[in-house]
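The next part holds the structures, each set out as structure tokens.
Shared chain: chain A. Partners: chain B in the first complex, chain C in the second.
Our next item is the complex of A and B:
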């Protein structure tokens, strides 16, 4: 157990240092979310207000979830990098805890997601977002967002285990990202989608997470949205972790 | 290097491989391989792409499970006691697996910490290794800025943060320029002299010749020859005499004339004729004969048989090297 903690913290520290020294990581963790927040507010705020959709209040939660997906996409890149440079093989030939590389990656992405949450929510509050459901709900807001980042990190990390190069891993990871974020409640209400798409939009995990965040900030029913999101996270984390273990064994044997 | 540790670790730090097989789907990467590396020696695994060298190393480094056969490191089975094996080995893979974003020092300290050294110990060890591998001045720079040879040296240094019983070097000089290659060779020689057991894979015959105490030649997952470099060269025997002409147009006639001294082969590219099984006496006769015939000679030399000769002689019955490319997916 102490080996797991020690090895994981050493590797998590490395992963965080790597991100911190990579300008692209900083951009995707901080700058892109802020640009999205600013530009969507600028372009869509009035249009959406006419529909009874308060962008200043609702958009930051969308952008937080979007930033969590960026964290997942960077996981795809870094996992592929470790695999293709032989770092993964080297780590697996060391007498370290078997779970530590994956766990370290997950911790680093959780840390990165905290930074994104702080920046987006900070700017969101400055531009009119309010947390009206109390301090516990606000803390829950952060936890749900981090849990979503961890889920994305594990899921998109799988792409990093199979993609031929780190750059193709980053590109491939953007394929699930776009439909999931666009076909969600994030930018437009579920009712505005074509009827045949609405069941998908309503039930998919990204909508679930965005709705949960909005509820925790004071807009919506906390217990149903958070329950659904936690269930999505538990199921996906279990599936993605099992697949990671399998694919990692295969990845180092090539 | 920390000499007492090495001596302690290398006692019984041998590698035994018996009847090892491994297939990836239809591809038989290893079809029954048996060899032994004695403690404190360098064993060269030599062969073309897809011969099974990397698969062998991956099995020995506990990354891949064999289909059948046994492999032990210092008496510990790689299948049944992977943790004991991992405590005793270090893997330097085909790519220099160091973190480009971290400095040389940070890389070494990280690997030292992962091997259980405390912060202070790890820093001291990093100092020592940076010094030993001539990286002291570059220690505070990110390894991404290093030359290929420097990165390889850092890579090898990272394998030595805790002196292993057995070090695996998988094609350590592939892609390096000649100068970097020489630097890496020097580092490997020092390790061997320090008592480490090294398993070295290479496609370069010269590299195996320079570094290995024993050589195992692999092709298509099978051992086609093994022995010391001298023994392998002995299989081909005598020296040959190579004559380079000033005027390449004379090659055919000269080749015919020199048939009297032994079997001749013409290399149009270098403009030379080689006489097989020719020693110093024949060389003198050849030069005399050419002088009498008025042939202008640019160079005359005696050639020792190289491992290349041995290698091509051993593998010429198999399908050409290019044909093994399909295999390299699984086996290389």
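Our next item is the complex of A and C:
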């Protein structure tokens, strides 16, 4: 157990240092979320205000979840990098705990997600967002967001295990990202979507996480939205972890 | 010295094959804009149609053709950077061809890219309600104008590719810049939807000028001034950044480190 902790902390530190030294990682953790927050406000605020959809209060939670997905996309990139350079196989040959590479990556992505949450919520509050459900709910806000980042990191990390190169991993990871974030309650109310699409928009995990964050900030029912999000997270984390283990075995044995 | 049209043809074939065989380029030029078209339409058609009155596909298809060409050009820039960094360009310099003819290859790939973007976005847009309402002549003009726009918007990336060494240092800033330009171009909403202070900025943007000219070719309406502005911007980008890229390619050999 102590080996697991020690090995994981070393590898987590490596992952954090590596992305902290990569300008592209900083851009995707900080700059891109802020750009999306500012640009969607600029382009859609007037149009959405006419629909009774208040961007100042609702959009920051969308962008927080979007930033958590960016953390997942960066996981796809770094996993593919470790796989194609042979780092993954090298780690397998060392006397370290087998679970530590995956755990370390997850910790590093959770740390990165805290930075994104702080920046987006900070700017959101400065531009009119309010937390009206109390301090416990605000703490829950951070927890739900980090849990979603971990889910995305595990899920999109799978793309890194199968994509031919690290650049193609990043491109491929954008394919699930875009429909999930756009076809959610994030930028437009669910009722605005075509009728046949509404069941998907309503029940998919990204909508669930965004609705949970909004509820924890004071807009919506906390217990139903958070329960739904926790259920999604548990199911997805179990599935993605199992698949990660299998695909990592296959990737290193090649 | 190999006649320039022969080396240009060779480099064109290479660039086109490289585009067709690169999963990233296909994703960026075709699949991503297609997903974007469908997803933005699904999310915003109700609200923008309530705001503007016209079918949303009529606005969104030209907007996303331009965006697709812009984001797709990152691939061309990364390709050129790889050519420089791997020593391919240095190798070309030792051969009896003009290094600047490689740029012709980029242009040829642009024709293929524009055709792919128009075909795919046009047909899906048609299913969403996009119609050519500008008459036969304007409809025929869409393809050459899109090629010109594609070439113009590729040039800044090419120039930037000659000045950077890693893919990340090239594609991340370009991606951020293009994101801002896309949002500031009235590709998704009419200019009146922007805050008052932002409207003059949107009106002045080159990308907005390109979107507007394609919009008028597809939807009809006054064409004179939009065409003039689009040509002016295309000329500025092609001459300014194109010359910069060619000069850096033809100048002292960049060290391949």
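We adopt the following convention: the second predicted complex is superposed on the first by the 254 of 254 C-alpha atoms of A that agree within 3 Å, B and C clash if a C-alpha of one lies under 4 Å from a C-alpha of the other, contacts with A are read in each partner's own complex, and residues count from 1 in each chain.
In this text, a contact is a pair of C-beta atoms (placed from the backbone, for glycine too) under 8 Å apart; a residue touches a chain by one contact, two chains touch by 3 or more.
Here the structure is a predicted model, which means the values were calculated and not measured.
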{"item": "Touching partner for A:228 - first (chain B), second (chain C), both, neither", "value": "neither"}
{"item": "First (chain B), second (chain C), both or neither touched by A:89", "value": "first"}
{"item": "Contacts of A:182 with chain B and chain C, given as first, second, both or neither", "value": "second"}
{"item": "Touched partner set for A:252, first chain B, second chain C, both or neither", "value": "first"}
{"item": "Chain C versus chain B, contacts on chain A by residue", "value": "C"}
{"item": "Partner chain(s) touched by A:168 [first = chain B, second = chain C, both, neither]", "value": "second"}
{"item": "Footprint overlap on chain A, comparing chain B with chain C", "value": "22"}
{"item": "Sites on chain A touched by chain C in the complex", "value": "22-24, 27-28, 31-32, 35-36, 39-40, 42-48, 50-51, 53, 164, 167-168, 171-172, 174-175, 178-179, 182-183, 187-188, 191-194, 197"}
{"item": "Footprint of chain A on chain B - complex, ascending", "value": "58, 61-64, 83, 86-87, 89-91, 93-102, 106, 110-111, 113-116, 142, 158, 329-330"}
{"item": "Residues on chain C engaged by chain A in the complex (per definition of touch)", "value": "23-24, 27-28, 31-32, 35-36, 38-40, 42-48, 50-51, 78, 167-169, 171-173, 176, 179-180, 183-184, 188-189, 193-195, 198"}
{"item": "Chain A residues within the chain B interface of the complex", "value": "6-7, 10-11, 14, 17-18, 21-22, 84-87, 89-96, 252-254"}
